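Worksheet: one structure, shown below.
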Amino acid sequence: MEQLKSRIEAVLFTTAKVLHIKDIAEILEEEPDKVEEALLELIMDYSSRDGALEIDDEDGYILQVKEEHMDIVEKLCPVELKPPVLKTLTVIALKEPIRQSYLKELRSNAYEHVQELLDKGLISRTKDKNGRSFNIRTTPKFAEYFKLKGDLRSLMKSDINKLLATSTTED
Amino acid sequence: MEQLKSRIEAVLFTTAKVLHIKDIAEILEEEPDKVEEALLELIMDYSSRDGALEIDDEDGYILQVKEEHMDIVEKLCPVELKPPVLKTLTVIALKEPIRQSYLKELRSNAYEHVQELLDKGLISRTKDKNGRSFNIRTTPKFAEYFKLKGDLRSLMKSDINKLLATSTTED
Amino acid sequence: MTEAFDLEFNNINPEHKEVDGIEILVQMAKQGKIDPWNIDIIDVTDKYLTHLFQSKAQNLRLTGRTLLFASILLKLKSNILEGVELSDFEPQVEEPDLEFDDDTLDYDSEYIPTNNVVSIDEVLQRRTSVRLNRNRVVTLRDLIRQLEFYEMLDKKQSLRNAHERAKRRVKNYSNLSPEDIINLAHDEYIEKGVQRLRANLEEILNRQDKIELNELTLLGMDKISAYISLLFLTAESNYDLVQDEFYSDLYVIKREEVSDTDKIIAANVLQDSVDTVVNMVDNLAEGQNGTVEIKD
């Protein structure tokens, strides 16, 4: 069990992205049940220890720096986005894949924002099937830097959706 | 002290590269002496714990997966050069600057390897003074890709050189 | 934080002070210049008062507002600690022209705080798992380990090959009759092979670039005689034996313009061939005493 815990820790450290039990089980060629059990112990080990790291278990598992040291992460890996650009990015993340034409209806200056986000590698843009508009979606780099937080399903169903619906005339 | 240890841990985790005391002190805006003291304690914490990670303190400090779990690292982040090319690169790194003609004597298929390494930006090739042969050396990208730790010259004298001596004559 | 404040305070136009103070603070909090979770109210208030004295705009109403601002800040802070959003607080403040905010959607104004739902500004959360240098950092130790690993593989592979070659050899020789063995070394026997090859090779190599040694057994000769005959043939005519690497397939080709490297290759092959023959002879000699069964 100790050995399996260590190996899970190595996997989390090396991949540095959100993994599910089955991903870890596959990498280590172990039974998912055994992985889950060892992982839960590992999470407890981390939380009982007074270090800088923790295993986040919200929607998959990831090894990360605790919130309280966010300033260090921000200092070392800054994402410099102005609030309006960040909002555009949020809309993309919530609605992806989203058509560029639609995004422009939702957000003024969407074009400049898209350019900036493309440059930063946080989104990617591809021509849609008819070749008439672009489809925009977030990249793996985005997933590395951001996560969608909170009770998104209720958010999508209520406020945001209403907001987006009232502000658009067509899709 | 506990707080500083945590912050050092966060720095090591986030940068994921070899840092020196003064780098860490600079990032955290702390006295190098205090950083060193806390770092030593952190290293001890890690070594007393039975996890997958360790802080390597050989020529700078880095948080890394222990040797025994290298198979996982190898599986998740394989080194992308084939062994013969890697060997050629090693010869270049140890003998640089090296003349292409000499390299060809040492390594069969050196020409193809040199092409691939040039394409990958790991080596650069310049005409030598007489214009008769090329001089080959490694690039800054190489240094990034292969964090050659320790003093290369001392290494040349020891293991690696022995190793190469046997491996270059073989193929 | 202190620098940011100095900067902001110096930008204040004394004439418009009545409306500026709190907006500046809120603005700064929104821009992240001050941490709303950790504001030093005393420091802020002192600075502001100092500034008022310096600017000689001594106005009771302004001084009063300063204290008000400080208490609003305090309320802001406690509200935040209670879980009420900063944005909820905004409508109570006179909104300056927020030129940076180009929203066509004003999410905030329609945002109703509940316990389970976050505001759109908070949907994206910065990850703390980001690592610089995510690419595999290969240390010298990795390098050495890799080399050692592949060398071990090489060795295992060549050991296995050698073993299999030895087995094959014994098998081949065991099929030879004593007569064959005696004949092997006989000039006539070799001459016959050379003639047969000479007659056929020309034709074969007109059709194709090269032919593998094993295929020559189709001409009705065993592999060893074919090989020995070939060695003679290459010496006296324009045929060459080539081999990409040791122990791989051996091909017969027509010799063309001979470059230096080809000469070296040829010399190597010849040397290799000589070695092979020597080995064969050694093995045969051994075989006659041991593994090869000699029929009466």
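Observations, loosely collected:
The chains carry the letters A, B and C, assigned in the order they are written, with residues numbered from 1 in each.
Following the convention adopted for this analysis, contacts are C-beta pairs under 8 Å (C-beta built on N, C-alpha and C of every residue); 3 or more make two chains touch, one makes a residue touch a chain.
If you're wondering where the values come from, they're calculated on a predicted model, not measured in any experiment.
Using the contact threshold fixed earlier, the set of chains in contact with both subunit B and subunit C is A. Chain centres here are means of the Cα atoms, and by that rule the chain farthest away from subunit A is B. Subunit B and subunit C have Cα centroids lying 14 Å from one another.
Separating the centre of subunit A from that of subunit B, both taken as means of CA atoms, is a distance of 31 Å.
Centres computed as Cα averages put subunit A at a distance of 24 Å from subunit C.
In subunit A, the positions touching at least two other chains are 65-66, 69, 73, 76-77.
Counting partner chains per residue, subunit C has residues 130-132, 134 touching two or more of them. Residues of subunit C that touch subunit B in their complex: 130-148, 150-151, 154.
On the side of subunit A, the complex with subunit C involves touching residues 16-17, 56, 62-67, 69-70, 73-74, 76-77, 79, 82-84, 86-87, 89-91, 93-94, 106-109, 144-152, 154-155, 158-160, 162-164, 167. Within the complex formed with subunit A, the subunit B residues making contact are 2, 5-11, 13-15, 27-28, 45, 49-53, 65-66, 69, 72-73, 75-77.
Taken together, the subunit B residues at the contact with subunit C in this complex read 13-17, 70, 73, 77-79, 83, 86-87, 90, 145-150, 155, 159-160, 163, 166-167, 170-171.
Those residues of subunit C that touch subunit A in the shared complex are 30, 100-105, 107, 110-112, 116-118, 120-132, 134.
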